[in-house]
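In this document, chain identifiers A, B and C correspond to the written order of the chains, with residue numbering beginning at 1 in each.
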């Protein structure tokens, strides 16, 4: 891997994630605004508001939801469940309620996981009016018969959906899409990790001139992607050459890849090349196992080339969508590994040109001091390995093979060939092929 | 598998097969006429006669052959071999004979199988004048020295070749060919099973309006296929989109598939999809192992998309082409399984459309009561499986994937998706793509 | 394999190789001229001289090098290393020297192999002026402190590079290239074997009229290929349909295949078909493991369809590029096997036509005495195997499949089908398809 990677990024990523963990986010509302404001301190994000009722293909932006407090009190006034202890305690988009009801009636509004008795599940009901509390099954089992006061001080009103966008213009208008979702409350791997890694990645991309234009998008999942696409579809279909959804990029238990619907886009080629060579133990999922905004980006008629590189994929790790997906699940190393992987991918996207040898036949490398002049055992010697790669590169530089093709022919990671490309270009032995 | 399948078909199939078993069939003659007359009670078959000497590509229709009786008598007048006990006793197309000859001369005209001493082999000599008897090797070994009277009361004369045809017009003129051969005498799996299953399949196809036109053909093997093709080639080449040869579809020892010559026609796609998902233990043969009328249908210049779905393939089971291929080899269950497989194939042919989602992005299934409004653990729950298939279907409905493509992406049998197609079409969420 | 192969070729090949073994060859000079003169006794070779300084793409023909004698003498006048004992003792292209130096200084000019203490390494320095001796490490270790006289009586002067060419015109101008290198001194498998086998192969090709034109080339490696290409590129690019580099074709330890850069040319198809069927244990290398003149022939912009069929490939056997690659490594059987393989390949190149059946449907083989008229158990009988191949051939003769395609469908070596092609052509049942 490259030396440009700053080893202290992991700690900074973890620290940002920790800071945003307690914020109560949903698909609309002030939690999202607060989160985007924090990201704005890292990158010059444009924050956009889209009004309730605005159409997005088959959907409409729902009413805005905010919540001040929520709890369940027993007969003695003890709060047995309290939103301020964990934002997962409330079913997202719960309507306001304030009444006393017996345990039997309360049970209709409670959600817990008998198989994970200490975990609070994550539940939402965006498009159907409901109220409900989520709690650990162990706590639920201890509730005694009697009356309970349930209070949800929430508000559903015409307002807006909020999202963030940061476009970094490149030398060409061809675009790379990087999208993450900001609607999940206190869940660390899914998806505060995505928020943190995407922010730092955007900062890194913006630090120097780039070949491609980069479109970073921070949106609520599903409705946000649909709203964003409905506003930008024409441009994105025309310009997007690659893209990734950043989700679940915080734990250290390995790497995962989810392909685009077509499976053979540039995004897929880049991802598979790097994973196969640098992380050969990665898990490969099929598009049928998708679950995040690639569902919209890759849908029929939209057809963007969007894949996903992850750590432990949503739906596959035991803490998923529960209060156990907390700050212990993610780690500085886990976050850093994911950030590095995305940096590598972008670096390779930028450098994946087709090259053509400028000579017919092999050039005489010896007279350029690029090959030993005493021939004997070059073929087998460790000492000549770099020299040999240079010679090998030329053999495949036919103007049709791109850097990844050449690397695959040689069985190496493409980034290992960057110095060789530089040497050969400097010696005018290869030229980049345009179009 | 679908519920339209009538479980008592197996017994009816077996009963028809049993009725036709004793009839002495050949490539011409009254045995074939009798067989076709019986089928005519099930479906409105057109019976055609083609005169001796008629050209069929490189071939000519041979003289018509009929036989009244045939036997070998020993010196004491005991009939040691008698055609009336088993139609296999006579080499098909034997010329008439009536003479007394010594055992040594008789031996030149006897055929038996030392490795299967109780089996009478099935032999023919359509295009070279001969006479001969087939018998169990155990019986042959017991023949004593002496004189024998051999009588074959047969007739070879200018007449005709007889075949049956049943065309069921569909909404389009695109055709599906179903072909079986009717020339084998008392052999159960090969191919009374084909005669029975094809008759019942034709009846089932004719019971309701169909999209495609169906061409059912009951012919003597090889010469019949050539005669039929020489009369109908232009139409068949223009219209045939799929086809199968029905042969050896009666025993219960598994399923087999023989591809078309090209191997990737619609017939092959349908067959492999169903067998892979519904009968994964099936045996897959290569076209080089063909043996029935696909030899003509797929031959260079004819090039029809014809494959074969079988039970135990000809040439691969121990009773093949002997008197042991009798009513014990086939079974109601064996016949029914093959009939069901062909029904499934035709159903899928008729329904294998390409579909296109009518929305950009995912449609909002929740407001159509097609998806749970309370989101939590849909991804893992058994309860949401059907709902998920509906949602999955939409993700692949891009107007290019047909039903089988979508089913393969989802790892399911296409027929499992029929109810999902119906639901989505009713909700106007997908449309069929024409052309 | 075919019967045209003369079993005594192996001994003749070995004898030629033995005769040429002691000659001191390099990329220029009299050793090469001597070698080509000997080949001229076998085939009517044209010997060409190309002047020092002539451009060849990125290269120039170097000065011509000749050597009379070379040795190292100790203080007592004993020759501890002497070129006349083994041509490998001198680093190729060593400049002249005649002086007395102490052992420490001498060591800077000595080359040996500590891992192979009895082997003299093969070293050259064509494009950088140097002098040096190669010797067995065991001998080197015994050198005592003291003064040594080093004498290299060599000459580097403007002269020429010498190569041989033999073009055998065929019915068409489409060409097959057979290239071998003549610059290695006393090394048997690499590449006196190539010189011997190429000479005998050329003689065999020239013995009868051929369909294709054959271009046999005997050149010094690398610079010779570049010189040759620079003179003939336009013609070769236009005409060459297949080609092989003959290298390391003398030992008996198996067969090896190195593909062309594209990997799917006619040369590759022919080679893989024969090796897969006739020598299934062969070793398959990738183009990244190339090392001889395919490096030039297949280079970007030159793009000739050139592969390599070998015995033990250069760089992979323990004796490679040392004095151990001597007359014990190669054998008459090893040489003959390689010659036979190349003969088979050329025979197949010449015969690999596409065929089309002249009948629609199967022809009636019985009336042509090409198939048994008594049908019974043909499918299983050993006796009918040839008959069946004939029948199988027809089934695939669609005018698109060539002979190799048909052989691959039938799972046999294409040459096994030559008699079948002859029979079917004679019976006018197939025709060759042109273009």
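Here is the rule we go by: a residue touches a chain if its C-beta (ideal position, glycine included) is under 8 Å from a C-beta of that chain, and two chains touch if they have at least 3 such contacts.
Everything numeric in this text was worked out from a predicted model, so none of it was measured.
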item	value
Rotation angle superposing chain A onto its copy chain C by C-alpha atoms, nearest 5 degrees	120
Interface numbering overlap (same over half, different under half) for chain A and chain B	different
For chain A paired with chain B, centre-to-centre distance based on mean C-alpha positions, whole Å	55
Per-residue overlap in chain C, given as positions that touch at least 2 other chains	none
Touching residues (chain side chain B, partner chain A) in the complex	356-357, 359-364, 366-367, 373-377, 379-380, 392, 394-399, 409-411
Chain C residues touching chain A - in the complex, by the definition given at the top	56-59, 91, 111, 121-128, 130, 222, 225-226, 229-230, 233, 261, 286-288, 290-291, 295-296, 298-303, 314-315, 321
